[in-house]
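Structure first, commentary second.
All chains are identified by letter, namely A, B and C, in their written order; residue positions are counted from 1 within each chain.
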């Protein structure tokens, strides 16, 4: 084999820091230094070995960290962002084992102009008080709206005329919710051409808190390029027992040379009951506007503003603001920072 | 000196994941994704500096992790597998300071066809209910059957006509058992030729739980190559106060081109008392059979099956199965996975 | 841009281990293996990108660890030593965001012949029983005498005819003392020529424990080279509410070829009250003497001895000795080790 010639490990990553200001109605404001507002700060070790006959092996270890304080993003999972080993074939696709993104997250985040991070991230509207389907299914434990441990995945090979597909099965391992172990079954299909794409995905999770049913996560999205502007839209639904949350996201990214202007609008609605408590009328909408100045392909300065308006009973907020905002309040944030890839 | 020319750091490691199924008599079975069943998943930073005059300096930092969940193998010791700095001389051998394997583990694990990992690892029979000498000496704290912190070692130079030797002294540092600090004194001698080897080692550990005596760990082992088959055998004894555990291991590894077939049989016996409780009759035996297909020198697919049969009072089990098996039950496991070195 | 050509990441670090013996009056002695007595054991990932036009971007991630046990130096901050992203210009200096040294520490530690580490480190006299200003301001939480999270810094450009300057502002982020969040404002100025330097720095920290005032940290220091001997001196004052601690440090480092001889004398005094308790008469002095033999530019063997003499009510000790020394006692330590840079 040609293995001997390919023992190089790639060390790469991103360091991203920003100064942030968040004010929440009635409870004041907080200034902070935050990490990963344009792109999550990370350190990656990865590699690939050509096994001959269009077969390859590979690994990917990705550590997320908070550059503002030097802490791992996850207290217990050092390689929280991804931790996988793979065998892949040009004809058959890739078999990937380990911790990775769930199919529904992949289909959703690609259409968020803010990549699920920073003051204007669509993640701000994912959880809320009172508890909706996510908290009913996972309580305060790690949920599977972004990643899953213990996963076996099949990913369709590249070069299928734009066709994309992925399947994930993650073992519950007999664990209970408190242990963070959840059984996931998910799938994703899509089509990507030069100037447009569509994606759909669904995932179903079972752990001891969802034994009465299962946690369901469905996504549909797409984008189209109009001249230098990328327009995107996506819809996502979380469902557990009697509780449902729906998100609608519209986005635009305009690129002019080194300049990038981004805008997004996200709307969240809840319906049904969490236990015996009604969660109707706990929706919110969020607007975000961002500017990125690319100093090089690797380094950028950026600034973003965002605003969340809550319905009467909802308390969605931008991260790192003061606690205790009353239901129905407005959360406002802005930030400016530096993102450097290495 | 030639130091300036040698500042290269080596980054290497292993990523190994497998799907596992373990069933324990009377309590059902669990399917899981596990890490390191052919070889422990790890990330290694190491280097060596030629100091001239046959002197060299070196370091080795080795992080163990669980690829299935992205977690460090040890919650508190990130560099749990090895963390050392060395000075070595071609004539005098190596002085190595830091955390490393104890001499008795080195002498034992080299004769385990399954390298102390996976469903068929000899480690399955090392601890048990009721408590034997290991748990009497260390309770649930880290024990010194594999590694020790705070160790100073001398390792004989290579090239002594096959002769091997090592000495280890680890400081107890005034710590108690709860702090995981243990004083170790150990030694290892051996002889290794092209087609056979013999090894013997002994280690003695003292911490506040062993103040009534000391924890003792003795190993004798050897191997011989017969055509393409490596036959090995080893014997190990743990002793603390009135409690003794003895392990006997026989192994065979046959290599044919890219194919490897492995088998092992391990028998554990306990005798004496742990505190006032008799531990007689708490033995078990384990059989393991494995197949490895080497796709390259770095990448392999593998499958292993194992079975543990317990004596009347013993409850040894394969890892990651359901809890609560009754004494005397049988534990069965199988797994299939991918191992990739980088 | 020229970014594409510069994606190299630098992986470097230090591994340093020593055998140490510390005896404290009346409570015996402890032998231990310790980490970082000549230079803190660390692993560093860093890089720099030339952005053209005398602009550059850079990052620095520095992990401290204890080589004796394989543990991170900080249980929660993996990148405890430094975690920053930077933009810099040859004319305007550097803007640096993240966790880094405070200006007062930088001005102090450069004049400690023992670099703030090992048995003779000036850090031994920084905290004490009864509590002085540091413990009154931070209790047992992380203090800002060395580093701060959430910091924005400006560092003057190199090449200003020897002039040095730095400014730091760190966000308190609304956090309380228990969360380890502290707001810092600090500045440093200095002048460094080939054979002498002077530095002055001040920092002011506010957190919920310092709300009655603020924690203040002031430093003045300098050095002069006389033939092969570097003579240094520094003075530092910590102040919080009614409590004051003052440190005076004198040092000498003589270098002859591969040999280095180091000596330091440090005196600490406290005055005022911590709460209602007087802290007058809780001073101490420390002498340290060290020898370093440089095997190469990267690797050295070293030995150090140190002695702390306490005033009647003080209990300053050398680290890793037995607990419980009575007030007024003497603490003695020596160590010998290996330091290897990579």
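The rule is simple: contacts are C-beta pairs under 8 Å (C-beta built on N, C-alpha and C of every residue); 3 or more make two chains touch, one makes a residue touch a chain.
Treat the numbers as computed from the prediction; the structure is a model and nothing was measured.
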Chain contact graph, described as a line, ring, star, complete graph or other shape: complete
Copies subunit B and subunit C touch via same or different residues, half shared test: different
Distance from the mean Cα position of subunit C to that of subunit B, given in whole angstrom: 39
Shared interface positions of subunit A, touching two or more other chains: 11, 78
In the complex, subunit A residues that touch subunit B: 1, 3-4, 7, 9, 11, 45, 47, 49, 51, 55, 57-59, 61, 74, 76-87, 95, 97-99, 149-152, 170-171, 173-174
Residue ranges of subunit B in contact with subunit A within the complex: 11-13, 15-19, 30-33, 43, 65-72, 75, 78, 295-299, 301, 320, 322, 337-340, 342
